[in-house]
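Dropping the structure in here first, questions after.
Chain lettering (A, B, C, D, E and F) follows the sequence in which the chains are written, and residue indices restart at 1 in each chain.
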Amino acid sequence: MSLFCADAFLSPLEIEATVTRALEEDLGRAGDITSVATVPEDAVGRAILNARQVGVISGLPLVAAAFRRLAPDIEIVPHARDGAATAAKTELMTVSGNARAILGAERVALNFAGHLSGIATATAAFVARVAHTRARVICTRKTTPGLRALEKYAVRCGGGYNHRFGLDDAMLIKDNHIAVAGGIAVVLKRAKAAAGHLVKIEIEVDSLEQLREVLEVGLADVVLIDNFDLQSMRQAVAMVAGRLAIEASGGITLNTAAAIAETGVDYLSSGALTHSVQNLDIGLDIEM
Amino acid sequence: MSLFCADAFLSPLEIEATVTRALEEDLGRAGDITSVATVPEDAVGRAILNARQVGVISGLPLVAAAFRRLAPDIEIVPHARDGAATAAKTELMTVSGNARAILGAERVALNFAGHLSGIATATAAFVARVAHTRARVICTRKTTPGLRALEKYAVRCGGGYNHRFGLDDAMLIKDNHIAVAGGIAVVLKRAKAAAGHLVKIEIEVDSLEQLREVLEVGLADVVLIDNFDLQSMRQAVAMVAGRLAIEASGGITLNTAAAIAETGVDYLSSGALTHSVQNLDIGLDIEM
Amino acid sequence: MSLFCADAFLSPLEIEATVTRALEEDLGRAGDITSVATVPEDAVGRAILNARQVGVISGLPLVAAAFRRLAPDIEIVPHARDGAATAAKTELMTVSGNARAILGAERVALNFAGHLSGIATATAAFVARVAHTRARVICTRKTTPGLRALEKYAVRCGGGYNHRFGLDDAMLIKDNHIAVAGGIAVVLKRAKAAAGHLVKIEIEVDSLEQLREVLEVGLADVVLIDNFDLQSMRQAVAMVAGRLAIEASGGITLNTAAAIAETGVDYLSSGALTHSVQNLDIGLDIEM
Amino acid sequence: MSLFCADAFLSPLEIEATVTRALEEDLGRAGDITSVATVPEDAVGRAILNARQVGVISGLPLVAAAFRRLAPDIEIVPHARDGAATAAKTELMTVSGNARAILGAERVALNFAGHLSGIATATAAFVARVAHTRARVICTRKTTPGLRALEKYAVRCGGGYNHRFGLDDAMLIKDNHIAVAGGIAVVLKRAKAAAGHLVKIEIEVDSLEQLREVLEVGLADVVLIDNFDLQSMRQAVAMVAGRLAIEASGGITLNTAAAIAETGVDYLSSGALTHSVQNLDIGLDIEM
Amino acid sequence: MSLFCADAFLSPLEIEATVTRALEEDLGRAGDITSVATVPEDAVGRAILNARQVGVISGLPLVAAAFRRLAPDIEIVPHARDGAATAAKTELMTVSGNARAILGAERVALNFAGHLSGIATATAAFVARVAHTRARVICTRKTTPGLRALEKYAVRCGGGYNHRFGLDDAMLIKDNHIAVAGGIAVVLKRAKAAAGHLVKIEIEVDSLEQLREVLEVGLADVVLIDNFDLQSMRQAVAMVAGRLAIEASGGITLNTAAAIAETGVDYLSSGALTHSVQNLDIGLDIEM
Amino acid sequence: MSLFCADAFLSPLEIEATVTRALEEDLGRAGDITSVATVPEDAVGRAILNARQVGVISGLPLVAAAFRRLAPDIEIVPHARDGAATAAKTELMTVSGNARAILGAERVALNFAGHLSGIATATAAFVARVAHTRARVICTRKTTPGLRALEKYAVRCGGGYNHRFGLDDAMLIKDNHIAVAGGIAVVLKRAKAAAGHLVKIEIEVDSLEQLREVLEVGLADVVLIDNFDLQSMRQAVAMVAGRLAIEASGGITLNTAAAIAETGVDYLSSGALTHSVQNLDIGLDIEM
């Protein structure tokens, strides 16, 4: 059974590196001194990973990687995979093997599972609000330092989609770029001239006037309309008429999402999906 | 003017390593392709870091480090330091220098500032609720993977105190350790026999009976009373009578904090301070 | 004076990391034992970086970084910048300072400059052949392991453009993907469903029949026509009629480039630009 | 069956580190997004590594390491080993296992195999030209940054031998060292005084006069005669009369190699073997 | 059979990282060139790790890790575990497998075993001298750079206990801290105010007067009496009367240890245990 | 004034990397919590590095690097350089600047200085015993894991010379290589055939018979006579008659060194110089 959510992207080497760093952070120089002092080296145990809240799961491959990193021969039996919606009490995985390894990796495993499932759950709530429209919910670069790829994966687990992963994989022209370059026409021409043929160009506009100029220049793939009211959004959708994709952003919340999606925009982006999320309560029940 | 909060601990090498990793994550292979395409290499700018919400600041040394990492000669003028409580609109720092460096480090700088100030602000709210008591608010190991040292620093910025930083700097005996070892007396003896003379021992108990046994054995420095009701907490405080420190934990919220603190326990610990926090809204106003 | 080629992308942290790794590789454990044995520690020198061949320069920021890594206060005066076309003998940079640092970084600096200028020069030759058309010359992922970002930067220095930087920043659907998915329509639908809104989709076709199917499905941004003859290329251009971009690939050489470009395709890609390139002869003339 | 060329040196840890870095470079943050979107996670495939050109193979251990890094249990069956001369079409290795892992590591594996086999093939051509003499063909430090150990291994696969691996494993005294030290006698004495008993000393000379002085001083193990004409080389060989080894360098090409080797010099060194090499055409034929 | 000493702390990730670094240091760029040149790639061998001196063993997990790092399937049969006291000639471990891997890891394995067993042996000698008292022997932060966690583990193998592992896991107030803060009372109050509830505070005193002040202030957990004579130590023990733990330090040797321990102090600390230790003679007898 | 010993080799990048690792090891996650709690952030101080014992200094560049790593603008005034012989009390360096940085780097700086000066001092004592002969004292690969380059530098500071730095920079044929290859003649031929022209070959012999065979084969540069008695050494010197260098090894001590050197051997090697050395007592006197 796969641990991964289908169609959600995450480099396997990223998992390895991030899990190792997290374990090093927790084990420090001396390791789990409590368990070494109190649990025999050859003791074995069995642990059940449990979701204790309704939510959407993300992070199981990291949980497995954390336990395997300390005990390569530990036995892992998954009962769910990332992207699954859980009831209030759901067994996600059974882990059997060396007791010290289970105790030593427990907190790291739970920190990954709780954080990423929190993002997936928040995303799923957002997605549900706009499910009657064609709008997609997307994340931003407002992610926790060091965890971007993981958090973007978690957004996918929750049914959302990803904005760019960094400053280097797409162009997003903002007000400062426009100002320095000397206007929308010139900035778009410069961007298009420099961009590779597989690099999309998005441009942020603050007004319908700017949007009109973007449409006239015609080199952008996506326009980001920032802090538009609903009426302006509807006008924007009409003006654009499908010629480019429209991303709405700016303080979008669960409560405003449906109305915004109904204006006909293509994407709703929310930084809060990744930067202000409640952990999902996931625990480990251990028997030794 | 110092950027650091007084009495809050953070290794300078940790700052460097974490900021570099975050910038590498955002810049990727090609760097900030939008700015390279649209902003001249020698353009200069000035940016003001602004708190746009009431809160407590944390992360200014990381903000400064992010800008300096891309432009060592950038000019940084701080207007506040970590630990400061801000009004709804407060200028925190002025950054002047190479425009591409400002744009290239902007998101990383803000991600650190928003996340850590969110933790400091949440901590300060908690601390305010118990200010009329002698109880201290403390964090846990439920931190974001890779950011533990930074998040523990942020808790201090908010007026809280730190639990252990990892599995290796103090012993915390939990139910599984007790079960495997065969009881409270034996587990405490094993722990004390193994612990160095600068390592404190904390033990988690689920009942007053367990607490009584801990007091009889007498080798612990701190007892963690988990999910006790207020009445049991008061009894625990009376039983302990100052012989060891008492940490209360288990789903403590802003609403329950005052009542718990009033029972006379020494410490209230909350994982939510670090794992479920709202970003503080901090932005960068750039002039070029 | 800038060292960088305008509009060519390269993360500054990538430069630092790659230069450090190269110096560690050359200095090994004991460093430059010949110079330590024979040149006084406080000796100073002056060195001129010279292009000894006609070509296009790339790599000057790496040259400067190599010398500065061993002697932060070394003086660097550039006489050219990346992207410059040089005569048979052209002074590129003057480096003045500690003699041991100059000798210790010399080979690393030259290895970067010669290799990247070789790529820029080869690219420029290619670009010249198609200058009378609207076709752009682009690179591939057939790069030297560990140097991809640098080599893609060098292609830009020579007037070329970049294909994707890795497996993660754009989709390129090849024959195996089509075969496993079960045909062009289904593979494109799957790709589009999974792709973020800033991710372009390119698909490789082997025949005009496949191209027709791609056009009917209509979800691709770019089509890669692989090993088409000139006649088929012209037919492809006519069929596509500007609805998506066309990349021609497959053993394109300097001799065939013009004819291919004249068919009206948008991009000519060549792995040889990065994987089979002659060093440009660049030397360092040192006076001590 | 071994993958390695006999008598060619390469640290196993170097392979691991270089392959991991190359895969990280290609997979980036999100990994192989095309294959995740279009190929089922549990799909399996079989791939044949094919040499499509006559040449000498190098890099098979890196090919195997790349596939194993993404799928430790992948099955690898070698049909050739490094150092083998291949016909125009030769199967080198069969790889069977997870389809995404095969597709994800394909380009990295081919980049290593093509580059290193290119070096081995170029070296073998050189070696063939001097096979009727006792001269050995050797490489230099003009290698691709980050790949020195691998490229020196590839030279051995082609029948060549290695010059020093870095600045620290042998002394090579050049004109600047001589100039700063104040002459050949003093520089050789300084070098010999400082050199460990397992460190050889080579000195570069530009004239027979300098060579005479080197012979008189008598502390060198090897003399490098740089840019000598054939007549001078013969005189040098006669003068040296076997008292030290002679390395000829300076723009040696396939066309001039035989004549130079016939002068009686011991070593011909060529930077072009590693810095200006044509990839060998090696491909991966995948069946899924 | 376990390789580890019971109750001695060492993070498993620390072992991996340190062993890899040591092997990289020894193998360099080209690896074990002697063995590659002279031992067939598929040769196998058997090696016995032998203690050739009376002592206490430490380092077997690192020995095993070194061999496994070069040959994951090597067979390791332990005959002793860390902490064991050995006779003059004792077989510790049998290693069977690839001959080149055994030869390539031999020196690294022995360097770990000899160094750490040297520390364990020196510690055991110290411990033996004070065995008739209740004093414990402890180490310091005077460790070999890069090996602190390993050396502290070795001290435990010899029967000693560990002082703090770094500057961050306990407070140790020294003369400079007292001077800057302005006296013992103020420094202890500052330290206590800042310290987390699981951080112990130790303070160094130079005189009984200072000790008296420490006792009056009452916030320290441990007092370090530095360079006290025996008479003063006895007075200190009497003054303290069990209210805090006493660590004696300052040039303590094997010869003075018993008398010091008999004064009633709790801990004797010695930097020499880790910074000035004789290797234990451990060798590898190889049969091929 | 230089900090480095003349003619002693050490890569500057090695210093940086090793010092950073050592500081990270000591500062851990939270840094120097005692100093942060008790010393104001802007306090400054002055510290004198003092040798408190007669000895030979090594490690001053690492001391300087440690302080500079925590405070780049710290002022360093050297009063001695590595390789200097000191009286019982000698000021080596004055360090002025941020007090927390001085306290935070103190222990790391002293650990380097004490350890490396200990090696230099032990080496100098050895060198003094053989000063009336032409024999050189050399180290081995029996070094502390992770510190080889530094320890070999320290041996040079003490007047000794270096054996190979790793398995890759020279060949040392031992009994197992001879046995597997099938005798001295064949092993030497294999080694010579594989060795590059700048790689020396040393072979270990256990008897005069083996030495005779080595001389007959004639391909070695150095012979290592292991555990020969004085009489056999003299015979070996006579037999060799200058045709190759002779290294004597095997339990050589200060007491036996002179007699061994007087036999006429070229090199005396001692593992104890690096693996069993007493720290030199170097302290830091701080005024704040």
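As a working rule, contacts are C-beta pairs under 8 Å (C-beta built on N, C-alpha and C of every residue); 3 or more make two chains touch, one makes a residue touch a chain.
All of these numbers come straight from a predicted model, not from anything done at the bench.
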Shared chain contacts [chain A and chain C, defined touch]: B, D, E, F
Furthest chain, CA centroid comparison against chain D: B
Where chain E and chain F are represented by their mean Cα positions, the distance between them in whole Å: 23
Inter-chain centre distance, chain A versus chain F - centres from mean C-alpha coordinates, in Å: 51
Length of the line joining the C-alpha centres of chain D and chain F, rounded to whole Å: 32
Per-residue multi-chain contacts in chain A, two or more chains: 7, 9, 11, 25, 27-31, 33, 36-37, 148-149, 162, 165-166, 168-169, 193-194, 199
Chain-level touch network, classified as line, ring, star, complete or other: complete
For the chain E and chain C complex, residues of the former touching the latter: 25, 28-29
Chain F to chain D touching residues, read off their complex: 7, 9, 11, 136, 138, 161-165, 168-170, 193-194, 196-200, 202, 221-222, 245, 247, 266-267
Contacting residues of chain A [partner chain D, same complex]: 2, 4, 6-14, 148-149, 152, 162, 165-166
Chain A partner contacts - residues on chain D that touch it in the complex: 20, 23-24, 27-31, 33, 36-37, 41-42, 69-70
Residue ranges of chain D in contact with chain C within the complex: 18, 21-22, 25-40, 43, 45, 99, 103-104, 107-108, 110-112, 114-115, 118, 141-149, 165-169, 171-174, 176-177, 179-181, 187, 190-191, 193-195, 199, 271-272, 275-279, 286, 288
